[in-house]
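Notes to accompany the following structure.
Labels A, B, C and D are assigned to the chains in the order they are written; within every chain, residues are numbered from 1.
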Amino acid sequence: MTNAQPRYVYLGPEGTFTEAALRRVPGTEGADCEPVGSVITALAQVRSGDADFAVVPIENSVEGGVTATLDDIASDDNLQIMREILVPISFVLVAPSPRELDQIRTLATHTHAWAQVRNWAAAHLPQAEFIPANSTAGAARGLLEPATQYDAAVCAPLVASQTGLTVLASAIEDTPGAVTRFVLVSRPGPVPAPTGSDKTTVVVPLPDDHPGALMDILDQFSTRGINLSRIESRPTGTGLGSYFFSIDFEGHVAEERVKAALAALYRMIPGIRFLGSYPRADQLKYTVPAHTRDAAYRAGQEWVNAIINR
Amino acid sequence: MTNAQPRYVYLGPEGTFTEAALRRVPGTEGADCEPVGSVITALAQVRSGDADFAVVPIENSVEGGVTATLDDIASDDNLQIMREILVPISFVLVAPSPRELDQIRTLATHTHAWAQVRNWAAAHLPQAEFIPANSTAGAARGLLEPATQYDAAVCAPLVASQTGLTVLASAIEDTPGAVTRFVLVSRPGPVPAPTGSDKTTVVVPLPDDHPGALMDILDQFSTRGINLSRIESRPTGTGLGSYFFSIDFEGHVAEERVKAALAALYRMIPGIRFLGSYPRADQLKYTVPAHTRDAAYRAGQEWVNAIINR
Amino acid sequence: MTNAQPRYVYLGPEGTFTEAALRRVPGTEGADCEPVGSVITALAQVRSGDADFAVVPIENSVEGGVTATLDDIASDDNLQIMREILVPISFVLVAPSPRELDQIRTLATHTHAWAQVRNWAAAHLPQAEFIPANSTAGAARGLLEPATQYDAAVCAPLVASQTGLTVLASAIEDTPGAVTRFVLVSRPGPVPAPTGSDKTTVVVPLPDDHPGALMDILDQFSTRGINLSRIESRPTGTGLGSYFFSIDFEGHVAEERVKAALAALYRMIPGIRFLGSYPRADQLKYTVPAHTRDAAYRAGQEWVNAIINR
Amino acid sequence: MTNAQPRYVYLGPEGTFTEAALRRVPGTEGADCEPVGSVITALAQVRSGDADFAVVPIENSVEGGVTATLDDIASDDNLQIMREILVPISFVLVAPSPRELDQIRTLATHTHAWAQVRNWAAAHLPQAEFIPANSTAGAARGLLEPATQYDAAVCAPLVASQTGLTVLASAIEDTPGAVTRFVLVSRPGPVPAPTGSDKTTVVVPLPDDHPGALMDILDQFSTRGINLSRIESRPTGTGLGSYFFSIDFEGHVAEERVKAALAALYRMIPGIRFLGSYPRADQLKYTVPAHTRDAAYRAGQEWVNAIINR
């Protein structure tokens, strides 16, 4: 799909942290942005061309979808991460009208949000039963329905303001300072230019019955002075002991040491998938050892070539 | 709690694969066995002494609970894995009465089970909507309730036979041969004696902002000829980039190379947790390089001691 | 110097194992071949163009010159190893005329030859004093001089036959089956074509006060599946703890994994010197892991290039 | 031999740098000290009990004997290094009487000394021929003999003053600041107590045809945070490609990380030899990573023992 105006989809419903992430992407103001029901649907629309971009959570989300994102994005070569977006996470407790906390018997939210307010809830709502919901925004909006079967919801501040629900408590997250990481995904295309503060994401299947192979994988990074910033295992779904690793590392595929590391990994594990090189959201600069900078790589190759061309 | 008859709890409801796992533990016939509502509850009862043992899924479960198990069991030093149990996984499609597949509009099961029959469902029930349920057994039993809001369920064969529901299709799993791994957990106590075919489970927090440290961790195993059989990352819940690794490896804590590796890990990462050494369910023997066998360790220590005592 | 007929020099005098090595080089029959007094002289003549080729011992020689060869050849970029030659080593005891072993009071030979017959001499000539000579051939020929000051000599069988000296005992080496390795050295030029059974020699200075750096050096080989066949340290002569390593490894500079390893070493240690890729004298084939063969390297580079050129 | 007064032997003749090293050993003033003709003789007298201690050069000597020392000391388990001694090296050019440098046609010294003044000689005595001598002191004293066949000698300043020879030039070494390292050797006995600034010397045979094994050896040090201060290869004399490595590293055998590394090496290569732990002559303190200090080792072992004794 190539139309004048790109179309964005995101993990809905409206008012979640994912929508907040989308709004931070330059060029989305006034753009065609639509919430969809699941990460899988969002990514499928990009794959099929129904959408140009999807915004989905990839790390530490309160809305779920993280493992769905890791798994689905890793399942073929038809998607590419173009950008990462960090969104601070804070929760409020809402109800249709003002009430005392000890009147709340049932409380709905997404399981992941629940995990992040559990201690607060145990302290302030010891009597309340948790009702799982498909999203924090859905839980909040459900309170407005006549047939609602719970008393309160935990959601993002944005939804509270959009719906007019009463905020009974705010900043109730157990761990202040939490952040969720989202990614902007498109079909494969030109990799964003290196900025000097980039990240690359790959997916590396671990050979069955050989978890020790992980060391060989990691060695390809360390021997080239490349730092990892995230490494997560995911089951492939084909049996016990079958995993792939989702890895973020510092650097850009246009940099020589990254090219060398990726080529080395490909030689060992041809099933490796490149999911994107893109600017770090935090713009932190990383330090590369002198002997693994591009100039050093070029000097080394020139030296060898001079020998071969004697 | 030390009474004449030990009390077992397991992730319910009755009729799930977890109960099947429990029934494979010697000594549980006629024992006091009770289903509980969640992995967390099961483990909490063991911690508190209300139960002596819990059986919970730990790898590739269709009933969920795997990440709950990994996370909860890793959260303190008050639990120990005493045994692992492998259960083959196969699914049936059930309904209250015989009907054609194209009449099924809605279908309930646990999300993880759904993930394992999705392709079959896409091919045979393309029109059916998936309704998430708390368990496969619960989904099946829900069909017997007057107010049931779905047409069919995917569950374990055992539940079908217990309930008398009609089996519309069997062995519908997308990947035949699947197995789920369960563990028998108790409060810390004497480690089961080495059998020559053992596994050890540890939990190793990865130092924040230093994913490269994983390599140092793995090196402690490989330098001592110890094979890993499972390695999974889990977020600690304290922020982006904060993980722990749950690791199974071949060997028993009473073996010298394992003692050395564990002591080395403890020196590097004092937050490491030992979760148990226990016989492998598959009783496969592993081969240890001659130079890392107990006799070699003892010979090395004797040689050094002789020098010191000159 | 480029004349119709190439000129060879070798470590003399005539009749030593080095001459035997030279005679095994194709094209030396009837060629201009001259013995010179030292390895340093031989190599200097090649550097200056006075000779085209030098044959000198490089490993386990009985004539000395091994460390001289390692050191001198490593001292600049003006020499290249074109070929290796293996010569079996066996010794005879000679005297001007027949006599009993117990009449021999003094015995001359090169120190390295002495080292290889010491046990035999201790058993059969316990009363004999060792007199160091500049070469085994020189020791033998010295017996023919009127003013000779020793009774017998240890030398190569060839010299005995050339001189007509009496052989009192033969095959007197303590370790049967010894072999010395020689190299054919020229000024730098086109590297001999790969044969599938090649060796490469490099010289790598070890950073001062950082002997641990040796591990980083070795890692560049092992991570690319390259076996070492020789590694020797030599002092650089600039102080305690200052070494270089002379390394032979399996493979040819035209092979991708070797190019990659050399380029990596150059990045780390720009003082590395390439001394040659040449056919193995024993023509043994080595096995390269599939993932480090040329085809794998090319596939890896193509994969990365395809990403960059999206 | 245990007599009231210990007997010292050293690599003679009198007046060499080795005697200077001996004189730096506390307790040798007025002791029974005797020069012997070779390193091998010196060490043999200690082995047999004829002497209690030997002082021999071990690194970068100008008097030769270094490889003899490395090889002989490594050849059995009957010797132990008790102390290292560093001696600064400087040379003088001597003759029987004053003369111009351009009158010197022949010049005697030990080969190793020659190697250290070669550039100076090439610049100032281009016409002079080098005559190898058994020692620098011997070369100097030879000038006093009626039948001397050379014009000048290169030797240590001490010999010049002892003999009254004329110093034609001093500090003629090509590389100022050179130091030679000597060791005090005894029969095996109690290891000197740790001082916090110690060195340990071991000899590790490299498995034949497996030079890559060197990496596994080095890994045992690096994984325990132990720095190497010297690593040298030596041929075993049993054939091409057969080496042992002589290694000095920071630390004392009574320290836990050293005990662990040595025991690990012994497991891999039972032919390893321990040659001694002794104070560093330079008394430099080394830094040990916190996780490899003795306290950390003990904590790790206690943690594992607590598990086993549950």
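The rule is short, and it goes like this: contacts are C-beta pairs under 8 Å (C-beta built on N, C-alpha and C of every residue); 3 or more make two chains touch, one makes a residue touch a chain.
Everything numeric in this text was worked out from a predicted model, so none of it was measured.
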Task: Give me the chains shared as neighbours by subunit C and subunit D.
output: none
Task: Measure off the straight-line distance from the CA centroid of subunit A to the CA centroid of subunit D, and report it in whole Å.
output: 60
Query: What whole-Å value do you get for the distance between subunit A and subunit B if each is reduced to the mean of its CA atoms?
result: 26
Task: Would you mind listing the residues of subunit A that make contact with two or more other chains?
output: 219
- request: Spell out all pairs of chains that touch, sorted by label.
  value: A-B, A-C, B-D, C-D
- prompt: In their shared complex, at which residues does subunit A touch subunit B?
  reply: 59-60, 86, 115-116, 175, 177-181, 211-212, 214-215, 218-219, 221-222, 227-233, 235, 237-241, 243
Task: Note which residues of subunit C are touching subunit A in the complex, please.
output: 188-191, 219-220, 223, 253-254, 259-260, 262-264, 266-268, 270, 274, 291-292, 296-297, 299-301, 303-304, 307-308, 310
